[in-house]
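Consider the two complexes below, in which chain A is the common component and chain B and chain C are the respective partners.
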Partner chain A sequence: MSSSFTDRLLGRVRLGGLLAIAAPILAIVFAGIVTSIILLLNGNEPFKTLGLLLDFSATPRTQVMILNTATTYYISALAVAIGFRMNLFNIGVDGQYRLAALIAAAVGGALTLPAPLHVAAIMLVAVVIGGLWAAIAAVLKATRGVSEVISTIMLNAIATGFGAWLLTPERLAVPVAGSNNIGTKPIGPSGQFPGLSLIPGTTTKVYGMVIVAIVLGVAYYVLLNRTRFGFDLRATGRSESAAVASGVNVKKMVVLTMILSGAVAGMVGIPQLLGASYSYSLDFPPGLGFTGIAIALMGRNNPIGIGVGALLWSFLDNSNDILDFNGIPKEIVIIMQGTIVLSVIIAYELVHRYRSVAEQRRVSRQLSAGTPAPAEGAAA
Partner chain B sequence: MEEAAISTPTSSATATEPAVELEGITKRFPGVVANRDIRLTVLPGHVHAIVGENGAGKSTLMKILYGMQRPDEGVIRVNGSPVSFRTPGDAIAAGIGMVHQHFMLADNLTVLENIILGSEPRRRGLGIDFAAARRKIKQISDAYGLGVDPDTLVEDLGVGARQRVEILKVLYRGARILILDEPTAVLVPHEVDELFDNLRGLVREGLTIIFISHKLDEVLSVADAITVIRRGTTVASVLPKDVSARKLAELMVGSELPSPETRESTVTAEVALAVRGLTVRSDDGRAVVEDVSFEIHKGEVLGIAGVEGNGQAELVEAIMGMRPAQGTIILGDADISGWSTLRRREGGIGYIPEDRQRHGLLLGAPLWENRILGHQTRKPNVKGPWIDRAGARADTERIVREYDVRTPGIDVDAAALSGGNQQKLIVGREMSSDPVVLIASHPTRGVDVGAQAAIWDHLRAARAAGLAVLLISADLDELIGLSDSLKVILRGRMVADVDPGSVTPEQLGSAMTGAREDTSAERPGSAAAGAHDDTSPERLGSAAAEAGEEA
Partner chain C sequence: MLRNHASKLAATTAVSAMLMAVAACGGSGGSGTDTATPGASSASSAAAPAGAKVGLAYDIGGRGDQSFNDAAAAGLEKAKAELKLADTKELEAGAGETGAQKEQRLRLLAQSQYNPVIAVGFAYSEAIKKVAAEFPDTKFAIIDDAAQGPNISNLVFAENEGSFLVGAAAALKTKKDHIGFVGGVQVPLIKKFEVGFTKGAQAVKPDIKIDVKYLTQPPDFGGFNDPAKGKTAAQGMYDAGADVVYQAAGGSGGGVFEAAKSSKTLAIGVDSDQALTADASVRDVIMTSMLKKVDVAVFDFLKSFADGTVKAGPTTYDLKAGGVDFSTTGGQVDDIKNKLDEYKQKIISGEIKVPTE
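This part shows the complex of A and B:
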């Protein structure tokens, strides 16, 4: 009758109307209070700090940065959310995107094709590698019952080692001009994805991939809510036993969903690769997969919620540089991010309890007032 | 020679306060009344059995008595004084201990470590006083004749010994009233005998035991008093010497409910579903369904009678393709033995599962999404790979209307509906794709009388329209009233064919429990198949009697 904590954590329980919005607002206010207390303890003024962050984020260049980072975060969180909707914890998005980006970069650097085909080829390689890497965990779970949490965490470590082995001069790497960094051979102009000059006042361009991210978000919604596959996926996530009884092949769903999650994870590195660095080098951004987990939790696997979460996270990440200039440790932002995730989870729990108590009251009121008392056991 | 001891306490104990007394206990869950006006008086020094079918409300009652759930109404008295338990800790403090059906022991720890876990005796506030614990365990074990060695590893113990460790665990915590939840479910017959000897030893020492079961022969052999629960309320309190197994079965399943008569036969000659030599094995390789064969014709309702846990659930899951099985299943002309669950459903098998909340519904999803469940490849729910929202919603409205599902709308979650309305939705859904065969597992369990009658009507109408129905039920009136033919399942085998036209609930009840005095309704041919087996029905009763004599 009642849903489990995991169900609520992963957003598989719907919250109605206003309450759905009340929870995250409550959480952010709470996180603000906690951060303020920490700032005060350090002798800094909370409102001044917030003002600094907001002011800095209003500069055109920072706005572009926020959008660009949010694009990456958004795709990462979508990849995680696909698994979450089916009770699959793909902790391996991190390894999946790094390996996918590395190999896609190498292939892209080696190829010369007409522009649209070149970009498409690189994206295809990334998606296939991400999917294949996730498939290892999927097959292990479906055939041997290995927990995907354990296997994807271990596959992350393996991806790191494997990537380091690939990224050596004997194999895929070349020295990066003007530094002692090494990276894959840069992708030629035909493989670069044009940026958008959305924000006036800066020469920095917004990743063109922001459009692809939005398309992915829409596709995620349509796939989950409007297709048979999505129905089976959500049914399996809600109740595996009911899914089995209704004829869903759960093992097949595990494999497909995990591969799909990995394929989307393969896209995580693409905005950076085709929009900024054009090469996978040692300083390619790591850890995006874990940020994705936090944002998927925050956004409750809802494509819009994830978008808001990605922007918020990106705002905090990109505007914190200003704090150091003003003598405020910028690590305060990490505390804030952690507090937000925790308080979002707690707030949803509180709202859910409030809602179920209210519903129980409503049901018992209807039972006592409305129809004649149910006849259970009355025959005795 | 001491067997007299089990029946004498009545005379000596009636003067004292009851050990446990429940008065008017009611517990509601949203939309369902799990317990209604429960009355129970357990005398000290008694083995008091609580019997009832699964789902009758026994487990809720026990959770209330053990502090895991709080009653909405009613009074609990322990040794005469009213108590209010918030947690199991409160119940333990009041001297009530619970032995769960599934053991809660750590295999890699010794008996001693398992017993003291969570209430370790301290030595000067720091170290654990193993010596004291060992002494105390020895002392309890000797006093009650449990024969538990504190230093063996639990993983080296058999099931019976583990159960004694569980009993010792609650005694160690000072329990004087023990609740045993289906203690014999996991035991083989000779372990059951040993357990009953132990229980007699415990009550001789003045302890009180509440024994929950639905196995009537066992209850009659060990209990001093019996309370019957049906549909969430206590319907009778009897003494074992005053009742027969038949009478008890009748009390458990009820025989005064509205009768689901369907006399004029609609059975045709055309076989809709044939099962041949079906065997299902449990994970440990034991056959839970063994060499079962039957045919259901169009327009026929085949009822399967049996005490729960005799292979009915496994049989159903094998037919639905949810569980691997050997043997042949033929639907119409097609051998479907190798088909997936989805293909079997598409082929025309409708399924009303035994546990609607686990297998039949997505509780957190709205009704119209539940309409799609199990029919996600068929119209009007889908168009190609797409979900047809409008089609599914319109058809859900139709089911709500035609099957009288009481709901504010089709967008409410299935969890918000009462059990009866959830079940009506499932019945409507399974009927809506014009099935050839319907597997109906306990179709009216836990639903109120009104919904029960409505579901019976729908089953009868579908049968008249040529549907073949496999009906599994614990409600004997339902079985006798709806079925065109009846088979009795016992320990995974079909042991008897019964004519529902002439059999009485009493006769069926005794066939189900394997009591053989009355064989008039049984066909000896099929019954003989199980007779030479070691665990044949007669064994339990007689073995218990032998054990009694030895003691």
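This part shows the complex of A and C:
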């Protein structure tokens, strides 16, 4: 029953029974306490603050926005989680999606195709660019042993510079009339993905891409748990030497997993691009890749857990204006988000330690009582 | 060991229960008179019901940048004092926002009966178009952008003209014929500052050497709020021989001034009269500032609202209108003021045309 901290951190060790419920409850309680203390220190009332957030998020339009933002966060966290399951830390999701969205937007703006083909073409470009950008880090790691953490962070910076170079009027951008903004040529109606009127009481539509995000979540689960590739991926993540011994080509797995992670990362900007802005301009949302890392940790790389995490994160991001409005610093929300991630990690670690200590005690009790430990004791 | 764990767990639980109780007391005790509805917590006196309820939405950075956003805040403060506003509400953007979240911020202000609503910065361009259409009876204003609508006033500036004057000032003051420009983020807006500055310097000394450096590139807007980056960039220019550096970098400008201070050279401020607003220890290195009178624009707009004379569409604050200018605080440009005024008149009369890109 020896598992490394990383294994537990990335959710590769499962908890069973009551303990599986104890960890998230402990995390919520712990996060609640820390946030309450900070709010009290600032002279604000925790329950009133929470009430404000909940009231505001109950309005139909805010609900649509929570769903929309969560869609983006979900895809980003999935991209990160694919790498995490194999001990690959793809910190470069941010650069991958920004570059992918920029080039996909430019291609989409230049093309005119029948509707389904147009959308498919834009998505294909985004996936290919995201995968290619991640492939640089993958090849560096597989051939030269360069840590993907370092290379993907550096590639983020390069993607920023490269993107800024592309997004100029001499290249991919057109000035937005009369504005200080600048963006790619807007994508025509055939390339726009229709929204869904899911929530009554508002004309704002939920991104149609929410369906794509759910499909990606299911695909993630099936790929990891029901395919040979997924087994190899998880096995490599657990123990590289054991994987090699059982015939897994680790270098190939590194390259494939990284490219897959990058390809999914390429999709991160698509809901915003095809559902709202139809153009990549200076105000295209940055930083989604880093949000994805936190949510993947919070959701413990589990497709459902990530979904819950994305919704929670999005709820906090979309309802914090009401705090500012009532004179409570909205930065409290960032503290909440950080605390939640931290408490999830700490809570699971505590519960794991509690379980292993309890198990050791039971085994030693049985040994001292003179009876051999039953075989199923070790399998839990 | 387990006992140890268990007792710790028990202690934690007890503490948390107590905290929750405290929190609950705080909640019920304080909310007796205070309701949680939007707009309930009015920031200023409610004694003047006739005055306007003004909503202001900043982009990232908000109050405290000693520069652009603070200038807008200053205009609001002045209006608060002179126009007896009923209430003001200032909201700030978060990092990594989508346009939809900016819309939501403006909508929150508008639907809580804030009127007029002012958006600070071009990032609100798309958002204000949509929200203004939803609230036809509310007056909106946006700074630095030409978003059109029947109830949108655009407060736009001729930054290139003001920058031309400080460029000329830098060229007149430099002893090594070598000056520098530090831009916050490489966007078209800041490019206007750079172009004006370059043209102004070249008008005085056609062969002058001008170093240009932008701190970050979009979508990373951190360059407007990173004094350390500003300091490094400016230090590089001073080390390379420049002796006057103009910064158009918002909150990063403080670093430029520090670099000027430590290398005993000069710097030029931006937006506000930074010889008055910057940290006291570096004020003496700021020979002049390019004034972009966002405060005047905000105040004028609020005044026109109070008078019922709001006009939709662009109001351009250029040299002619006194919307941009150079500052003389500290007396460091007194010796060249006549020359600068000469250029000013030529721009106003149209004899010199300052390009924007």
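Keep in mind that, in the parts below, the second predicted complex is superposed on the first by the 357 of 380 C-alpha atoms of A that agree within 3 Å, B and C clash if a C-alpha of one lies under 4 Å from a C-alpha of the other, contacts with A are read in each partner's own complex, and residues count from 1 in each chain.
Just so we're on the same page, a contact is a pair of C-beta atoms (placed from the backbone, for glycine too) under 8 Å apart; a residue touches a chain by one contact, two chains touch by 3 or more.
All values reported here derive from a predicted model rather than from experimental measurement.
Colleague: Looking at the overlay, does A:228 come into contact with chain B only (first), chain C only (second), both, or neither?
Modeller: A:228 sits against chain B, while chain C stays out of touch.
Colleague: Between chain B and chain C, which one contacts more residues of chain A in the superposed model?
Modeller: Counted on chain A, the partner with more touching residues turns out to be C.
Colleague: Between chain B (first) and chain C (second), which, if any, makes contact with A:40: first, second, both or neither?
Modeller: Touch status of A:40: second partner only.
Colleague: Now for A:249: first (chain B), second (chain C), both, or neither, which partner does it touch?
Modeller: The first partner, chain B, only.
Colleague: Mind pulling up the chain A residues that touch chain B in the complex?
Modeller: Where chain A meets chain B, its residues are 1, 3, 7, 12-14, 225-232, 234-235, 238-239, 241-242, 244-249, 359-360, 363-364, 367, 371, 374-380.
Colleague: What residues of chain A sit close enough to touch chain C in their complex?
Modeller: 29-30, 32-33, 36-37, 40, 45-48, 51-52, 55, 61-62, 65, 68-69, 98, 160-161, 163-164, 167, 175-182, 272, 276-277, 282-288, 291, 317-318, 320-322, 324-327, 330, 353-354, 357-358, 361
Colleague: Which residues of chain C touch chain A once you look at their complex with the stated criterion?
Modeller: Touching chain A from chain C are residues 1-2, 5, 15-16, 19-20, 22-24, 26-27, 30-31, 34, 36, 38-41, 43, 89, 91-92, 94-102, 104-105, 107-108, 112, 122-123, 125-126, 144-148, 186-189, 216-221.
Colleague: Within the complex, which stretch of chain B touches chain A?
Modeller: 28-31, 33, 36, 230-233, 235, 254, 256-257, 320, 322, 340-346, 351, 353, 355, 357-365, 369, 372-377, 382, 385-387, 389, 406, 413, 415-416, 418, 420, 448-450
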